[in-house]
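Common to both upcoming complexes is subunit A, partnered first by subunit B, then by subunit C.
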Partner chain A sequence: MDNAQIKEEKLMITLQSAFPDAEVAFMRKDEVSLTIDKEKVASVLLKAKNQLGYNYLSHLTCVDWMEQNEFELIYIIWSPTDKISLYVRTRIDREHPEMENTDMIWRQLNTYQREIREMFGVEFPGFVGDKDFILEDWEEMPPMRRDFDTLTYVDDTYFEREGREDARDVREAITKKSGEEIPDFAKKYSRQ
Partner chain B sequence: MRSVINISIMNERNGQKIVEIIKNWSRKHSIFVMAYGTGCGAIEIPATMTSRYDAERLGIRGAATPRQADVLLITGYLSTKTLKRVIRVYEQMQDPKYVIGFGSCTINGGMYWDSYNTIKMLDKYMPVDVYINGCMPRPESVIEGFTELQRIIARGEGNGAAKYKENLEWYRANQKKVLKNWPLEEYNW
Partner chain C sequence: MREKTTTLYLGPQHPGITGNMMVKLQLDGDTIVKAKTEVGYLHRAFEKLIERRNWMQSTTILCRFCVPEPDPPEAAFALAVEKLEGREVPERGKYLRTLVLELARIQTYMLWYAGQSGSAGLYTIGQWSVGDRNYVLDLFEELTGGRIYHMYIWPGGVRRDIPEGFEDKVLKTMDYLEKRLDQFDKLVFDNAIFQKRAQGVGIINPDKAIEWGVVGPPLRGCGIAHDVRKDNPYDAYDQLDFEMGVFEGNDVWSRARVRQFEIRQSISMVRQIIDKLPKGEYLNKMPNPMKWTVPAGSAYGKVESARGEFGFHVVSDGSIYPRRVHARGPAYAHAVTLLEDVLVGANVADVSFIMNSLGTCPPEIER
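Take a look at the complex of A and B:
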């Protein structure tokens, strides 16, 4: 173990002994990750905030793992004394996405939870916040989900200006000039 | 005799009456721009207005409220949420009023061509007098756009407000296609 990684190692041991069923991992310098069931996220956050000094909430974000039918919620918290970012990760079901409301730990989580509710459709039962965050009158699927087809929605909703009549496909013009062939993977992007 | 008088008060260019020529001349030299930046393009406005490019030498200056403004600048991408406010502002502005579409996004969506919340063609939602292309247009382009608008005004062709009134139903239908819950009263001028 590198000398510079002693503080990360110390934190990992503390976390692992406090939460034996968590998966604690070293990510890179100044970054430690902790994966745990969704029921225990609040206790991890509380312990990190009140006992370990991780009192700064950087971010709460959501990742759509569509193939595994899961959402991953990531709470990123930071300690001003250790200068380590702790990534608290948890996976929740994608069909009925529900996560415990944690905005009493950091009030700022309220805003992040509103955003995630709107953009991914994750529900936080018992959480008080306006329904609309950025979007207005949105009736479709939450737009940040990966199975939301943006292009179809755009084609249905908006007008599209036609391009110039003399517009040429750059790729085709170049290949014609130099006598090369367009590779197969690029053919689907051409104008014809 | 009467026809002679009529001819004498008509100008040879574009059949504008002298009164209109004087009106348009003064209008084109006092363009008040609505201080409302809808997108990232608003960052070019301070550069245009301040001492280096000094747009006020052409009579272009800011106005605080819609009722004082002549020009509505749509600076950059226009999301559907902002479109609602922009329409509200446009309808509150006094006639004569002009719209300048600023940046690629107002023309064809620009880099937001496949974005789910950005409109792609501004002229489907309100009459646009001048488009300035570029991402971002530099202050030179902005001033060129404004001088083009001045030429349009001088020719007496800056009649976007009348066009809007005439084709209100068509514009409304387009607007309602994007804005699901229509928040405004139905106006009748």
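Take a look at the complex of A and C:
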């Protein structure tokens, strides 16, 4: 067992004893994962940051598991001494997505939360941050949700420039103008 | 402080900023009392597009996340996918990747010379360094077919082997650039105007730097030795001999010294790679791209770009499309929360100067 493995083992034991109901797992070299209820995420982050030295926030992301009617939030934090990444995962309900506000732990979480609120519609009660981040006056379904239909949105919002109606399917347009048939192998890629 | 402040919208079109981004400033005279970053002028929904592209098609979109340095995103994505698949990269592939990443670092630093000195009013250096950067782009063109976007680093290795006589050209270009760097030093670092503009400007609190998500040259300019290439080595970095540039000062000057030091380290690394380049395969045989599935799971791949840690969080559900790909660029922390803090108390004339020193790249904030 080398040095890195000892550190990983130690971290996993510490986390498991501090949070017995969490699911702590070894992912791969230099990476450990912890899955826990959403109410306890803030205490995991605080313990990792203040007591275990995981004071660098690499990333926060939201994944839409539409089939299971859930969003998954993944916080990735890193320790400059251990050089290990800890993935803190939690699942929240997709119908009424709400997650505890954690931007007092890491200030950058403010930016991540603004993005996730805008793109997935996850609410962070008590969170202060401008509503618009990337989008402006957006009133449709949050666009990064999997059921947001990009093509319908584009069809409803934008119009074809006059004389460019056939520019959508270049292959079809060329065939029509030149009178040549589409070769068999290319037919399966055609929109028609 | 006077009661009445003036509001100034700097951007979204501004010569000192790469891409479009606005900083809303509250000014008391010419001193900034409040700054607010406003993005949203460059949103291209890349992450949404990738959900409908297969794994191979994604690589053509990823490199467009940040225009000045398109190679680190390719490498970060490749590393994440390799983690998910457990795919090995042949030794030669690792070295060629490292070669491209270091050449990319050199070209980004050359572009930084132009941005940093240009925003201090020293335009000559910009003309020189962008001209010299083209010699590195020539190498990229010969190796990958593209000058800016390469789509060269694939999960499993690199797209093609180096052409004949390429090593010699690389070494000659490095010799030339090394000589030129001495002249840049005279123009930039020995220049009283640059020294006066850079020293004591754009101070980052070093005690809070890691906590605030500062990475790359701005972090090493706070005297903190952190570099993904050393901390979690990837590709061939564990086999190369190089040093991190760590300088005290926390200001624009110390960040400039970091880059001045590291561009020479990169040149030395390129020479080492050419010297050690192993023979053999450069790409692990890939499946049919149209039917390529990646095992379910999530992985965060990270590399050290010229501006700091660049990472991709890739989530797969086992299908031919990525479930979710989310980028973490250095500018995501630097240009929003950090910039808003650093700008308070600064002079309005220093805004784009400070932004350049932090490696601001708006396209990667909103993707």
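Throughout what follows, the second predicted complex is superposed on the first by the 157 of 192 C-alpha atoms of A that agree within 3 Å, B and C clash if a C-alpha of one lies under 4 Å from a C-alpha of the other, contacts with A are read in each partner's own complex, and residues count from 1 in each chain.
Keep this in mind: a contact is a pair of C-beta atoms (placed from the backbone, for glycine too) under 8 Å apart; a residue touches a chain by one contact, two chains touch by 3 or more.
None of these values were measured; they are calculated from a predicted model.
Judged by the touch definition given at the top, the superposed model places A:M66 against neither subunit B nor subunit C. By the touch criterion stated above, A:I13 is placed in contact with neither subunit B nor subunit C.
Looking at the shared chain after the overlay, A:L135 reaches both subunit B and subunit C. Shared-chain residue A:A173: touches no atom of subunit B or subunit C.
With both structures placed on the common chain, the touch criterion links A:Y56 to subunit C but leaves subunit B unconnected.
Within the superposed three-chain arrangement, the count of touched residues of subunit A is higher for C, of the candidates subunit B and subunit C.
Residue contacts after overlaying the shared chain place A:R146 against subunit C, while subunit B stays out of touching range. By the touch criterion defined above, A:R161 lies against subunit B but remains apart from subunit C after alignment on the C-alpha atoms of chain A. Once both structures are placed on chain A, subunit A residues 134-136, 143, 150 are touched by subunit B and, in the other complex, by subunit C. Of all residues in subunit A, only 27-28, 30-31, 55-59, 61, 63-64, 74, 76, 80, 83, 85, 87, 106-108, 110-111, 132-136, 143-144, 146, 150 touch subunit C in the complex they form.
On the side of subunit C, the complex with subunit A involves touching residues 39-40, 43, 45, 47-48, 51-52, 83, 210-213, 226, 231-232, 298-300, 302, 309, 311, 313, 315, 323-324, 326, 328, 332-333, 336-337, 366. By the touch criterion given at the top, residues 80-81, 84, 107-109, 113-117, 119-121, 124, 174, 177-181 of subunit B touch subunit A in their complex. The touching residues of subunit A, when paired with subunit B in their complex, are 134-137, 139, 143, 148, 150-151, 153-154, 157-161.
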